[in-house]
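The following block contains the structure, expressed as structure tokens.
Chain nomenclature is as follows: A, B, C, D, E and F, assigned in order of appearance, with residue numbering initiated at 1 for each chain independently.
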Amino acid sequence: MMPSILTKAAASTLALAVLATAAVAQDAAPETAEAVEYALAGDTAFVFNTLLFLIGGFLVMWMAAGFAMLEAGMVRSKNVSMQCLKNIGLYSIAGLMFWVVGYNLMYDGVDGGFLGSFTPKAIPAPDAEAAGDGYAAASDWFFQMVFCATTASIVSGTIAERTKMWPFFIFVAILTGIIYPITGSWQWGGGWLAEMGFSDFAGSTLVHSVGGWAALAGALIIGARTDKYSADGKVMPLPGSSMPLATLGTFILWLGWFGFNGGSQLAMGTIADASAVSKIFMNTNLAAAAGVVAAMILCQVVYKKVDLTIALNGALAGLVSITAGPLDPSVPLAILIGAVGGAIVVFAVPLLDKLKIDDVVGAIPVHLLAGIWGTMVVPLSTDGTSFVTQFIGVVSIGAFAFVASGIVWYVLKMATGLRVTKEEEMAGLDKLEVGVEAYPEFAGAGRI
Amino acid sequence: MKIVMAVIKPFKLEEVRDALTALGVHGLTVTEVKGYGRQKGHTEIYRGAEYAVSFLPKIKIEVAVSADLVASAVEAIANAARTGQIGDGKIFVVPLEKAVRIRTGETDGDAL
Amino acid sequence: MMPSILTKAAASTLALAVLATAAVAQDAAPETAEAVEYALAGDTAFVFNTLLFLIGGFLVMWMAAGFAMLEAGMVRSKNVSMQCLKNIGLYSIAGLMFWVVGYNLMYDGVDGGFLGSFTPKAIPAPDAEAAGDGYAAASDWFFQMVFCATTASIVSGTIAERTKMWPFFIFVAILTGIIYPITGSWQWGGGWLAEMGFSDFAGSTLVHSVGGWAALAGALIIGARTDKYSADGKVMPLPGSSMPLATLGTFILWLGWFGFNGGSQLAMGTIADASAVSKIFMNTNLAAAAGVVAAMILCQVVYKKVDLTIALNGALAGLVSITAGPLDPSVPLAILIGAVGGAIVVFAVPLLDKLKIDDVVGAIPVHLLAGIWGTMVVPLSTDGTSFVTQFIGVVSIGAFAFVASGIVWYVLKMATGLRVTKEEEMAGLDKLEVGVEAYPEFAGAGRI
Amino acid sequence: MMPSILTKAAASTLALAVLATAAVAQDAAPETAEAVEYALAGDTAFVFNTLLFLIGGFLVMWMAAGFAMLEAGMVRSKNVSMQCLKNIGLYSIAGLMFWVVGYNLMYDGVDGGFLGSFTPKAIPAPDAEAAGDGYAAASDWFFQMVFCATTASIVSGTIAERTKMWPFFIFVAILTGIIYPITGSWQWGGGWLAEMGFSDFAGSTLVHSVGGWAALAGALIIGARTDKYSADGKVMPLPGSSMPLATLGTFILWLGWFGFNGGSQLAMGTIADASAVSKIFMNTNLAAAAGVVAAMILCQVVYKKVDLTIALNGALAGLVSITAGPLDPSVPLAILIGAVGGAIVVFAVPLLDKLKIDDVVGAIPVHLLAGIWGTMVVPLSTDGTSFVTQFIGVVSIGAFAFVASGIVWYVLKMATGLRVTKEEEMAGLDKLEVGVEAYPEFAGAGRI
Amino acid sequence: MKIVMAVIKPFKLEEVRDALTALGVHGLTVTEVKGYGRQKGHTEIYRGAEYAVSFLPKIKIEVAVSADLVASAVEAIANAARTGQIGDGKIFVVPLEKAVRIRTGETDGDAL
Amino acid sequence: MKIVMAVIKPFKLEEVRDALTALGVHGLTVTEVKGYGRQKGHTEIYRGAEYAVSFLPKIKIEVAVSADLVASAVEAIANAARTGQIGDGKIFVVPLEKAVRIRTGETDGDAL
């Protein structure tokens, strides 16, 4: 995704340029006709671009449901209602915060700097917009907002099954209102990283790694689930309650990713743009497919069984990996990028357990590690990028996201506490704060 | 009167019921249970961590019978439930002092 | 949503007008070029408008799945198969009825009156359509049909777990073939209410309240579930079988609502229309978000726990509230409108229980009450509307929908009976009429 | 769906023709203006056509999730993880294979013959595409790929609950890389059947029957589930584990079908095309609705109960039936075609059981039989088609798909074996090859 | 001491518990079971194949009581659980030799 | 021979099994149950209506042991299952008259 401010220019360059030319040379009828015509093309481009934002936006919005289902399937029944509530709550809070302050903090007047302005996003009246704007302001806000919400969705899975609800929501408000917009402003807002030449097309770093860093900071400060690591260091598997829901969630995310990456072309009004969006669809799909196949084969080789949850993670890791550069890689390179993403999952999931970092859904391997991989591999196919700049981007954004998240988590820990008590954790989070069990009839209290 | 309690492999339930019905026993109560025994379970793997699943799904049957039927009931269950493979299960006989049919208030022999 | 008949005109006004002008003044080359050009713009607009109907339509069609999942999650396991069957059945019947008679009864020759014609909808051959039509007739039918089906979906949830299947389907046939089209004709068909200046952009009243009134009439005539209210007036909670399915259903509905409200702009061929659709997306999303947050906070304050089902209802109530006017409110007003919707749910759900009106999924608070609220608040932001006219619309449509539904329910009660027997209700509806249990293995008969 | 190679021509005929004319007659200003204008219209058409492929494509991609959920709901809990894994795996493999060889084998240089070329699909750079191409190459690949994947999805359901995973994946690789592309090349690739005048708009035969034949061959060679038919010939019902998941899957498929049939118009850049896509949406929806209603009524009459799974199958059979010709039938004919599809299901499901062909989800009645029905009924409404040619197409494609699939299944049976052992089947496939249970807590091992 | 074990219709659980509480019995253990008896089940149909569901959902209650309470406990359960319809269930009384409250180590009478 | 039946907190199952294994008891049967006792449940709220969940999830263990092992088995279970918190559960000892291993037909002592 290019900086929003640049996009405007990009999307309507042709229209404006030609209009300008036409203004200079208005001496012949055909010229005039052409001028009007290009203006009309500008109209059409405006509608196409807006449509891309709206379609891309609703597909990414749908990813909120994907995260909800994936996480509902990966936690134990006693925490499923809570996980659902956190997911619909975080999506709602992200939307409100990104209007109140997030959007403008990310896009308004960044000018090569470190942040925008602390103001709510204003939307012009529909009839006040013109072809030269390139797209409807509200469609852009909507599209950018769902990216912001995605960042928060990533966090909820990692720290599931032990984190208190309201402190989590406060964290989400700060993440989506302040932290994500600030790192976002550095690149997509046209800040210092963008000026330096960092490249992150649809957000392997800006969205996925930022979410991953916030999740990692949370996992470290909140600690592992009580019964996850035995005293003698053994890992105790705590299998998720519903594999079909986890599968459904993954398919939803995969579908949504076409909006995530395809929409990040930010324009669809020309043949080249439409063609680019199409290539993005193809590469995105194949990277995900390669992530699945790589994860399945490696699982078979390493464990002699194919863990469904790892295969699902493999799809997502393939998707995250290709997100930093879904357009430029050739098809075989896209497949390779995705496959490495899948491999990362197979090895990183048990590694994290060895480090006693308890990540319920695998968001850290999928979003953080594959996000770094995807960002670092961009120079292989994208002109004008360099490994050094990519590295600077990954590290600086990572450092800020991790430290800022860490501070917020820490302050919350001191102020309100972050964990439920051990008893509440044993009984399940649904009892304490939600009061509604996910499956009251199935082998749970409530039926009898 | 006795309660004959048997732990069997789940897919043997129908055969056991048929065998008991053939004996004239027309009521029984069934529970889903997990069994732990010599039959070892299997290893599952979840996100890179292996773990043993040592409790296996079994079916527990409880059937109240009059004293004279105990031996044949035990035999019928054993024959119907036997596969010869480890994990076929156990039959336990427990004394039963009183039985009541709730609907009619009939007791003991009449209640079975 | 504007009356379909008006839309045609609206959508293609520009093209036709300019063509007409051009026809008059064909003396200069540039003029001619312009005329052709506008004709072309008309072609493009036709495609854009049609596309909006198709995309909006499939999103709203998807809401049928949302209702199915929401309701499957909110009923007890023993009634889940039936609820699924009712939902796919009602969507099918609604589609057929809206072709056989519904569409034309709503749109054909209403002319400021009280109903259209009792004829099936005819579709022109694709190559017989022209730019001046504004959009493809079939796309319009499809878009209007899914609104009709939504109305029926609302009913099935309220009266779940006790209503016989075939009588329910007969009710659906009459609702979607006759009742909904008649009230619809008053406004969107260009009937008397439209002439009076009533305003209901996407159907807070025409769809949601009508569905809600039909549900309320049903709930009153069918009565509460046998074990819902104890003899001493206590409310017995009968928790739904699956909270993740209810959550999934809500997310589906939220997604579908972008089609519901956005598509109701009815045109996307101009910058102003595309921009309007975008603003509708933004307002719709924020109203829903506000509904969730308001419901969560109020739940916490009132009950010290946050009931997931109320938060989900809060999202839907926010959506219904903004549906009567998703375009005109400023963003803060949209947030406020949604938040009040969320609040309505928190207080109305227990209130209905106090009145012993047994609404299994909360459709009456969500669709009827928030629908009324949303309609009444329109004059705050929409020029040319008045509280009086809004009130007349709400009351007249409500009265007709409630009385007509009540009559149909009553006749069905007399003719076929509406309720299963107490024994069948205890055993669950899946046994009697479906014969297939939803979860035969989980703590249900069938596994053993 | 027309042959891809023909489409290009079709979609851009107007633009090219006019450009050519313009090149010849550049003597007048208005003419020039017109020429540029049509070129622009070509640009817009390119974007619209591409957009249709992308939207249609992501909707059909979503059908992969639909099959996964439908099948997860129709198998028993002990096989649910495996079914989910097979579905995400097959979609991934299909994508990779259709790039490596499938697409070009289907579309590249078929020229009235029997197959294309064994090469990977190459994609031009986005800025190398021109209006005359009609649509972005990658969007076309994406759209065709998801059709290929659908074919594989059909197979997994029939042979569920007993088939080994890796051999199944090998079969999928061959089906999607070789078998489907070959039969596809005969028609959509512009091969001998296309030249003969066979007509299969969106794939009742090319996709659904091919999948159904592959499934049938598999079912025959793999054999029935161990406990499906008792020694004395009685059918033992093995109810699926989750009816709401099966319902969700069906709704997903229904939604995806708008992309499947609508997108197969392959163009949306003109009024006639947009109008055709709209009519397809309408007919598709009504055929599905009629399938549901017919299945429900027949179930009630025959069994006195309405089996939800048959009603769901009825929707799909209605959809498959209309797929060979969703554009040309009048609305009443579309309804009839769908209704017969629904009826087929009611009678074919028990018939297959009588033949001891064990089809877990009903894919053979739904995809194979309704696919044949839909293809044979095309001449009733489509000019230039004949029953004889349709019959030749159905038989030749069927014969090839069945025999080729049978050979592959048979070789796999000899080489690797196709079935798990009886013990593994009893214990459930999730234990052996996946190692992760679908619902570890619900009445399954693992919780305790 | 005895264990009174009752198989009842599920929706009667609350009433039975209340009846026992009224007697001063403040502990019991409940299991979801399936019952097979004279009460015939129902026919289900799945994809054209009919099959009989003969095991019906029941609730099993186990309550340990001192000897003097047995008779009244049985009566209380029977009264509370009776609907008069077939399938009301059975009550069985089984000898109990020892009871221990895990938390305190109290035994027998004190443990109940 | 006796059947030792214990109702314990679910998360204590592994420890109890280990304790029994240490005694040489290598088979047991486990049931998911709900317990009602002094340990009060919690209040849940559903759509504005509060209700008490008074039945709590427990695990029931049934283990058949020879007479000489009863005392140590009871003690082992009690020690392993004790948390000291209310709701730790109960152990009941019931007479067992006969035991059969289905697979082999062995009886009584040999069958355990």
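In this text, a residue touches a chain if its C-beta (ideal position, glycine included) is under 8 Å from a C-beta of that chain, and two chains touch if they have at least 3 such contacts.
The structure presented is a predicted model; accordingly, all values stated were derived computationally and were not measured.
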Where subunit D and subunit F overlap in contact partners, by chain label: A, B, C, E
Comparison of A-B and B-D by number of C-beta pairs in contact, larger one: A-B
Interface residue identity across copies subunit B, subunit E - same or different by half: different
Inter-chain centre distance, subunit C versus subunit E - centres from mean C-alpha coordinates, in Å: 48
Distance between chain centroids, defined by C-alpha means - subunit C, subunit D (Å): 31
Whole-Å gap between the CA centroids of subunit D and subunit E: 53
Subunit B residues counted as touching two or more neighbouring chains: 30-32, 34, 44-46, 55, 94-95
Set of subunit A residues in contact with two or more other chains: 29, 33, 37, 40, 44, 51, 55, 239, 242, 248, 303, 305, 307, 309, 435-437, 439, 442-443, 446-448
Subunit B-facing residues of subunit A, complex: 235-239, 303, 305, 307, 309-310, 346, 349-350, 353, 362
Residues of subunit F touching subunit B in the complex: 3, 17, 26-31, 64, 94-103, 105, 111
Subunit D - residues contacting subunit C, complex: 28-30, 33-34, 37, 40-41, 44, 48, 51, 55, 59, 76-77, 239-244, 246-248, 250-252, 254-255, 258, 262, 268-279, 281-282, 285-286, 288-290, 292-293, 296, 300, 303, 305-309, 311-312, 315, 327, 331, 335, 439, 442-443
Subunit E to subunit D touching residues, read off their complex: 44-51
Complex contacts: residues of subunit D adjacent to subunit B: 227, 426-427, 431, 435-437, 443-446, 448
